[in-house]
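Take this structure, written in structure tokens, and hold onto it; I'll ask about it next.
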Amino acid sequence: MDFQLSDDHRMLQDSLRGILTRHTGEGLWPALAEAGVIAALLTEDEGGFDGSGAAVALIFQELGRAGAALPLIPTMIAGAALAQAGHEVPEGTVLAFADAEPGTRYDRGVAIRADGDSLTGRKTMVAGAEDAAAILVTTADALWLVQPGAPGLTLRGYPMMDGQRGADLILEATPATRLGALSDFGRPLARGVLAHSAHALGTITAAVDLTLDYLKQRKQFGQPLISFQALAHRAADLAVEVEQARSAVVNLSGHLTADASLRDRHLQACKVTLGRVARLVAEESVQLHGGIGMTEEYALAGMVRRLMTADTAMGDADWHLDRFARGEPAWA
Amino acid sequence: MDFQLSDDHRMLQDSLRGILTRHTGEGLWPALAEAGVIAALLTEDEGGFDGSGAAVALIFQELGRAGAALPLIPTMIAGAALAQAGHEVPEGTVLAFADAEPGTRYDRGVAIRADGDSLTGRKTMVAGAEDAAAILVTTADALWLVQPGAPGLTLRGYPMMDGQRGADLILEATPATRLGALSDFGRPLARGVLAHSAHALGTITAAVDLTLDYLKQRKQFGQPLISFQALAHRAADLAVEVEQARSAVVNLSGHLTADASLRDRHLQACKVTLGRVARLVAEESVQLHGGIGMTEEYALAGMVRRLMTADTAMGDADWHLDRFARGEPAWA
Amino acid sequence: MDMRFTPDELAFRDQVRAFLQTELDPELARKVRLHQHLTKDDMEGWHAKLHARGWLAGNWPTEFGGAGWTAIQRHIFEEESALAHAPRIVPFGIAMLGPVLQKFGSREQQDHWLPRILNGDDWWCQGYSEPGAGSDLAGLRCRAERQGDHYVVNGQKTWTTLGQYANMIFCLVRTSTEGKKQEGISFLLIDMTTPGVTVRPIVLLDGTAEVNEVFFDDVRVPAENLVGEENQGWTYAKYLLTHERTNIAGVGFATAALDNLHRVARAQIHRGRPLAEDPVFASEIAAVEIELMAMSTTNLRMLSAAAQGQAPGIESSMLKIKGTQIRQRLDALTRRAYGGHALALPATGNEGQPQDADEVLAATATWLNNRKLSIYGGSNEIQRGIIAGALAKG
Amino acid sequence: MDMRFTPDELAFRDQVRAFLQTELDPELARKVRLHQHLTKDDMEGWHAKLHARGWLAGNWPTEFGGAGWTAIQRHIFEEESALAHAPRIVPFGIAMLGPVLQKFGSREQQDHWLPRILNGDDWWCQGYSEPGAGSDLAGLRCRAERQGDHYVVNGQKTWTTLGQYANMIFCLVRTSTEGKKQEGISFLLIDMTTPGVTVRPIVLLDGTAEVNEVFFDDVRVPAENLVGEENQGWTYAKYLLTHERTNIAGVGFATAALDNLHRVARAQIHRGRPLAEDPVFASEIAAVEIELMAMSTTNLRMLSAAAQGQAPGIESSMLKIKGTQIRQRLDALTRRAYGGHALALPATGNEGQPQDADEVLAATATWLNNRKLSIYGGSNEIQRGIIAGALAKG
């Protein structure tokens, strides 16, 4: 049993940390691409050079800690799915993954339907859609490829809680290519869940560290807040839950290529754990800060919104818990 | 709006408190009967003189605080049900109410079945059964009267967690009188739930008071425990929940004679609240005490066992929450 | 024991309902329901309608132009207003300063300021918290020095709600550094148009700017604007904080939030059926609903006890804790009911919004904004401390 | 990263399974599973079998007759033993005193006492807690005065688990009242057959008598029974408390309890179907199961880090908290699964028991007895304090 990073991954981590201190905003994507970080998210078969659970977990944890807001997860999912379906993967560009629908928690096919080779309906909260070279779309049971300029496709963009831009997709008899049944893409989707979870873990550790710093520095009644036992014990409980979250990410990361049923159990457990801890940390870190924790100009605000995003993306803790409890696979 | 006790009920309370300081064990039942406390549990129609929600709540809260273990609740339920069904109510004696069954949470008719005018199967945890002058038995949808000496009836007695004796009832083609559909007895059963809840409230307040006394007196690291903020805040949370429990009892008590649907909603809410708070208080009062809270010779041990009983009797918090959430009546 | 409202109380409730039915603009109610930005005009307009009906100051005695309502009447008004999605009455003049002036102000102060609160001439805001004095309110440092017939004020206040609309601010200021920190505090009324007053908005994590920092730089305040005695301000501040809290439980707001949650759960689809039929989600809603049923009665019990003259104790702390827990749980469930749709950022001007998403944006904004409930007005940790302190003595 | 056991570890697990399969009496396993009273013979018999196999002291180095297992091997042994419902190895000699003697005892003490632990000549118990010194262990007052070549001990110990079976007790005693309270403590080995030693059982709320009070009245203890140096006992006590804790998470016990819960939920009827199919109850089980999946890996991560030489930090405190939370949640769910059947009192001698109720009585007894998990061995509050202290420094 070995939970250490390999030498390669340690180098990747160092490189990534360097990039994240030097680049933000527009410049980050090209810098990550140039350093091979994006290629590290894909396997050799998919046109990358790693794509292991350990690599995905490591990369998104660092991005989460740094608060980076990039459509890298949909790009990874779509890239892996396209490669698996034997399609060419557009290089060096954003790809989108349209999954959520209005009017439902996480059902698919409520607001959208397939009719032969075309799709009609709506998808929502599609990160990166406005810049994407290809858009993957889920329906009740299948995965589809839609070209950005396809007839009948309308995009309505808006800012999202994690700092990215997203869009509503409105499709009216839009031509689409069916890539296969959704259940055929368990591995790319599992990698997406791992990425969201690791990103959440990075955000969680950043929020807890920020909160601890605040508790140590901020004085009330002449004492640092951490010296108030009720607050100190709550901080301790957070620390315990961070380790649970870390282990859940390790479990999914270590079972990404396991049999579907075992992989899906760890996927569901991971999403449940990260969702639960993300909610707890969002609530407790604001509460332990007090008013300052609610202000936009303090770093916690963005973390809280990213934590809510992490819980919600690709099915929240409730949804995955329900399927785990029923012994159902992760995807219909 | 008025939440005060009436003068009559204040006198009843005083009288009851006096009795509870003077009598325990064997002598308590006759003392309560003589002082009219038992008759106060029944309406005039039922052969008593009060039977109001306020009276029932008040009496069982006091009994709960004092830790009295008597089969008074089944006697009240059975007395009211027999009167409603036009049967004579045996006076001054214990009556039993056989509801729980082995092998199920709270379904009825799993271990017992009716066949014409006889019953076959098992009931369990029947308080007071060994001394009862009459035993009421539930099946899937009906309420039955069984005579203690009836053919085919076997009793196996044992001590129960609340200090009473209970029994398993084994029935083999035992003759029984059908009193009516279970749903016809909503009021007597609601009064039983109120009694269990008020009893739980009395136990809850006693356990919280005992815990607070301990926290004030017990010193560790040179300070009384209550001066440790983490413990003090948990004690404060308990105090908040005690008020929730009190209000839930008030709500059921005030709606005992309301329409069935409104009464049942308050019944379910009451049982859910008392069950939840009873579990919390049982766990927290032991934990806040530490080791001493687990010892049989300390008063808390009996309280903890009575709290578990209170949660479990006549459907626990889970069961009533489920039915409340589904909009179902309290009884099938 | 009798849990029913009296006939008079029922009649009053009917009056309130009729008033809300006729006077509350549905468009305004919609904005309140969807947690959208209310303009100053929106709020002043609502105040004016209430003032015209004599209901703006339900908590004030009639001698000062108030409605002189009982605690139960105030509860009924607040609950019905919340259920109808009426704007909340801005509390700073009516609920906070008014009672302080009535109890501790001079006759001149009462005659001058109280009518101006009612008729909307002044918009008051509150200058209590400071950057270094949050939960430890008495640690405040904003100082006022007496110079002749003026105080000269220097320092900073923060978390000043709706300060951007206010022309007046009541402040706790330090007039002495001797003795215990509570002993050198005074209660001062400051005209915000005086030179040296600067207001800077604080944007919160839901994108709204409802609170502000207020800076004082050699601000000259007439000495007649001192309320009560110099260095006795802590007494007045505590009076303000422990009284006028009938609505601390927020039963009406919670009930409105529960109604909305039920509506959302019936509309959202889960496993091909309404989410409301999902046993797990339904039981989570039921658990909060049951908490609210109990708290609602706790609230009435405590109002009833207060009406019978029992001194307010730790009840308001208990209601604050349970009330905020219930509302935050409702907010969380509502957000979760929207599932993958709840990721757009509310309150972002003209950078775009998803289609037909007012409701889901309201759910997100409410979750974000209502984190404040357990922080402001004495955080829940402060309330636990108050309860524990009473338990330790009791 | 590699989450798999090595081939050697897998081979070891097979050996353990085979041993348990052949050596563990099913009737004894049933008693363990049903939380029934184990006799002294039951425990000694199991120790003897393990000793014969060389596995009684997995944590001891081979030079002292131990198995010299790695942390992972010990984890495997403990998990498999728990799943097979083997009796837990009584920890006082093997897990507690042994390592202290090996680290701080004299050669004579090691040669004399260690073999006697292994071959069962001595049954040790622990004299740490006192009525006035629970969480504040260093506040202990049981005193030992040196008189010539003896210590004379007076005072009381409490919570002495299985003290009724023991002939030896290792005690923390006060040998000095100077300096900080931690500085005057010594570590003493006391023969319980010495005149002046009295053991009084403490009955717990599940009716069992597994813990005791131990009284010392002018008990004469040979000075050679002092471990290490006089007044240095606190160092040895801390060593004992912070080491030898591979099984603090109780993963094996939790897994066994989860298996049992699944079994009960499949058997119990709810709404005419197995309770396991009730979505609400099933999701409660799932939530704990998911917690256990994560904690199991946390445990392995920490064992793995320790195996690579990283110093033990706050990990054992974290595992204690999460491990006890999980087990207590499992216990509560199991009890609740039995519904109205879970009201009989376990362990009540010959006053009667319900029919065919061993399983439900076990559920009740386990719930009651396992309240201790979050109290003993340093309460969860003490553990939170340890974690918070580290966070405050870190």
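Miscellaneous remarks
As written, the chains take the letters A, B, C and D, and residue 1 is the first residue of each chain.
FYI, a residue touches a chain if its C-beta (ideal position, glycine included) is under 8 Å from a C-beta of that chain, and two chains touch if they have at least 3 such contacts.
Because the structure is a prediction, the values reported are computed rather than measured.
Pairs A-D and A-C differ in how many C-beta pairs touch across them, and the larger number is found at A-C. Centroid analysis (C-alpha atoms only) places A farthest from chain B. Centre-to-centre, using mean CA coordinates, chain A is 41 Å away from chain D. Chain C and chain D, compared by their mean Cα positions, are separated by 52 Å. Mean C-alpha position of chain B lies 37 Å from that of chain D.
In chain B, the residues touching two or more other chains are 229-230, 232-233, 321-322.
The residues of chain C that reach two or more other chains are 278-280, 283, 381, 384, listed in rising order. On the chain B side of its complex with chain D, the touching residues are 99-107, 110, 122, 124-125, 156-162, 166, 168, 170, 219-221, 230-231, 279, 283, 286-287, 290-291, 293-297, 300-301, 304-305, 308-309, 312-316, 318-319, 321-322. Of all the residues in chain C, the ones that touch chain A in their complex are 129, 132, 134-136, 139, 158-159, 202-205, 207, 267-272, 275, 278, 280-281, 328, 332, 335-345, 348, 351-357, 360, 364, 367-368, 371-372, 374-376, 379-381, 384.
Looking at the complex, you find that chain B touches chain A at residues 228-230, 232-233. By the touch criterion stated above, chain D contacts chain A in their complex at residues 1-6, 9, 72, 279, 282-283, 285-287, 289-291, 293-298, 300-301, 304-305, 308, 314, 318, 321-322, 381, 383-385, 387-388, 391-392, 394.
Of all residues in chain A, those touching chain D in their complex are 1-6, 53-54, 212, 215-216, 226-227, 229, 232-233, 235-237, 239-240, 243-248, 250-251, 253-255, 266, 268-269, 272-273, 321-322, 324-326.
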